[in-house]
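Consider the two complexes below, in which chain A is the common component and chain B and chain C are the respective partners.
Let's look at the complex of A and B:
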């Protein structure tokens, strides 16, 4: 999966859950006012299921999942260290 | 007991029933440093409970800002498939399904197996605590705590003494709740207490609205979210609780009060019969994928696949 695919999949996933959401890739979705932090768990599960990796516990922070840009940055970082991962 | 309220007394906690609530209570107690024995007759339920506790601990930092070490928490939890494993428990929290014959069977066994001073906490959402207490030889040591789901994220629970519950038991269980960071809200003993008596009627009426074709499930929930600002509508809440649990709770309320206002909506019964028990089975009023993501019901009433 390319970064572009993941970007559009993430956007589709968020819009499927919150059809009214109107946000830029670098915008904090939890500050839009109607997405609460519980949704971050769904984002983690989505990223893990889509990429087939387990996000290390230290990376399970709200900051890493607050925007499409930050999720893509996390994924890029995880891919960089993939050989070290389980 | 210690005189210092800040120095929490660690207990050997028994938890009966490894469903959603039992797993949540075991998780919460173990996070707070208590030693837990989690018992269920179903080995698969125990496996699922351990997996769910691990996941909840992993996600803790996202939801609360505080990281929780899943290995440390699970290290305090032992699982067993026999109630005899609760012999040494100071306190037992019972979370078995809301069916009276099952509850009765469990309390009779616990009463026989546990030490005479072990306190039994009924985590029921419906049964009167007085009735549960009377099924044991220690009604003074039986009390109700209605934990909310997910237990580790909720800051309060209903605390319900039965008619014969002693003041000492109330104090002991209140101290235990304090050690979990859970505030006990005092409620008198009556079927459904406050929360479920009101909530189940709301859910049932919401189901009737869908059943009567006034609005579909998504619309009902949208009204509560958008007009009232509730984080979840009543039918999403029902899916989270489990429609089977909602149905049993209504049946208990109906039987206990004998008031027809508690009669379960036929749609609720049909969905339960169909195995559409809500989030945990992937479908209820709404549909959920394998990750638990909601796909809200569109046109067809009751979330039936079009």
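Let's look at the complex of A and C:
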């Protein structure tokens, strides 16, 4: 899966759960007011399924999951590649 | 989709659990219910089977069974005794949270004693004024040096009387509600909550924490992001276990009703020959099959690490708990006065099943969650 695919899949994943959400890739989704802990569990599982590995505890930070951009950066780092910039 | 393989289960599977329940649980569970406790010797037998090690990673002395197998085992425990299954549920919730979100030091410290049941664990979220509403949590954790001082009261704590390790959710001054691993010790008091409607042998307790001092290593989870994950994912495991236990109640109601109806005569004919009895039996068979299928789906999705398991588990628990309550009511009705007496376990099934509609997310909370999910999934 390319970074572009993952970007669109992440956006689709979030919009699937919160169709009313209107946000940029670099916008903090936790500050939009609709995120709950149930979604957090689903989001981590989604990212882990994408990676095929567990996200290490030390990487389970708010900063790593606060936006599509930060999640892409985390995935790229865990995959050992640089995220594609846009 | 991958399927987890139980290469380390060490004999812990549905067959072994069924044998254990048939040999050591079913004949004694009514007495445990009356005594409001399960003998230590039985808990040790359950520990030998691996019940408390099921979710512990192998490297820490556990069985690390698949979620499918865990569900099978908890269904069998639920078939025999919901109190015993409840103890396994809360222990597994804490063990799972430790294994998933704990630091290596926390895992090394706790899991080797939790696996054989030498240490039992309890999950402490509810308070007198805060059930599902975590925003109302009043227990506090104040920073003290490098550690914390915890004060507060937790209630409806399954396994609280037996536990030596408590996963306590407490409010901090700056980071909201955080999860803490609290060892039984100075300032930790547990008091029994007797004569509950159901699961009377589940060592239910009120936990009072008075100036309990814990170190920095008591905090479970690596960051501000983790507390919600710890709570929601542990509750998800608990919900799954309860759902599977409800299928066990359904199976127990079915078996009791079939046995009774083919020996009891009414108006010269066997109860089993009456169509109204057959309707009840048919409904129990269908509900048991459906509940088991929903639990299996949730378990398969968990083993595949598919996030769809979260909602699948809500659905499985919602359906199975309601179906168990209905089946237990029908089983009591079918047994007549016998079913209302302490001489038959269907009265216990009836009381236990009602509890299942309330714990790990009430029926009403499940309806809200499932309906909201449906609203977002159906396109405009």
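Throughout what follows, the second predicted complex is superposed on the first by the 78 of 86 C-alpha atoms of A that agree within 3 Å, B and C clash if a C-alpha of one lies under 4 Å from a C-alpha of the other, contacts with A are read in each partner's own complex, and residues count from 1 in each chain.
Everything below uses one rule, namely that contacts are C-beta pairs under 8 Å (C-beta built on N, C-alpha and C of every residue); 3 or more make two chains touch, one makes a residue touch a chain.
Remember, it's a predicted structure, so these values are computed and weren't measured experimentally.
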Looking at the overlay on chain A, is there a clash between chain B and chain C, or do the two fit?
-> clash
Touching A:41 in the superposition: chain B (first), chain C (second), both, neither?
-> both
Is A:49 touching the first partner chain B, the second partner chain C, both, or neither of them?
-> both
Pick one for A:22: touches chain B only (first), chain C only (second), both, or neither.
-> neither
Looking at the overlay, what does A:62 touch: chain B (first), chain C (second), both, or neither?
-> both
Any idea whether chain B or chain C touches more of chain A?
-> C
Shared contact residues on chain A for chain B and chain C?
-> 16-17, 36-38, 40-42, 44-46, 49, 57, 60-62, 65
Can you name the residues of chain A that touch chain B in the complex?
-> 13, 16-17, 36-38, 40-42, 44-46, 49, 57, 60-62, 65
What part of chain B is in contact with chain A in the complex they form?
-> 58-59, 61-63, 65, 67, 70, 231, 290-295
Chain A-facing residues of chain C, complex | 101-103, 221-229, 231-233, 236, 304-307, 309-310, 369, 376-377, 380
Spell out the part of chain A that touches chain C in their complex, as residue ranges.
-> 16-19, 36-38, 40-46, 48-49, 57-58, 60-62, 64-65
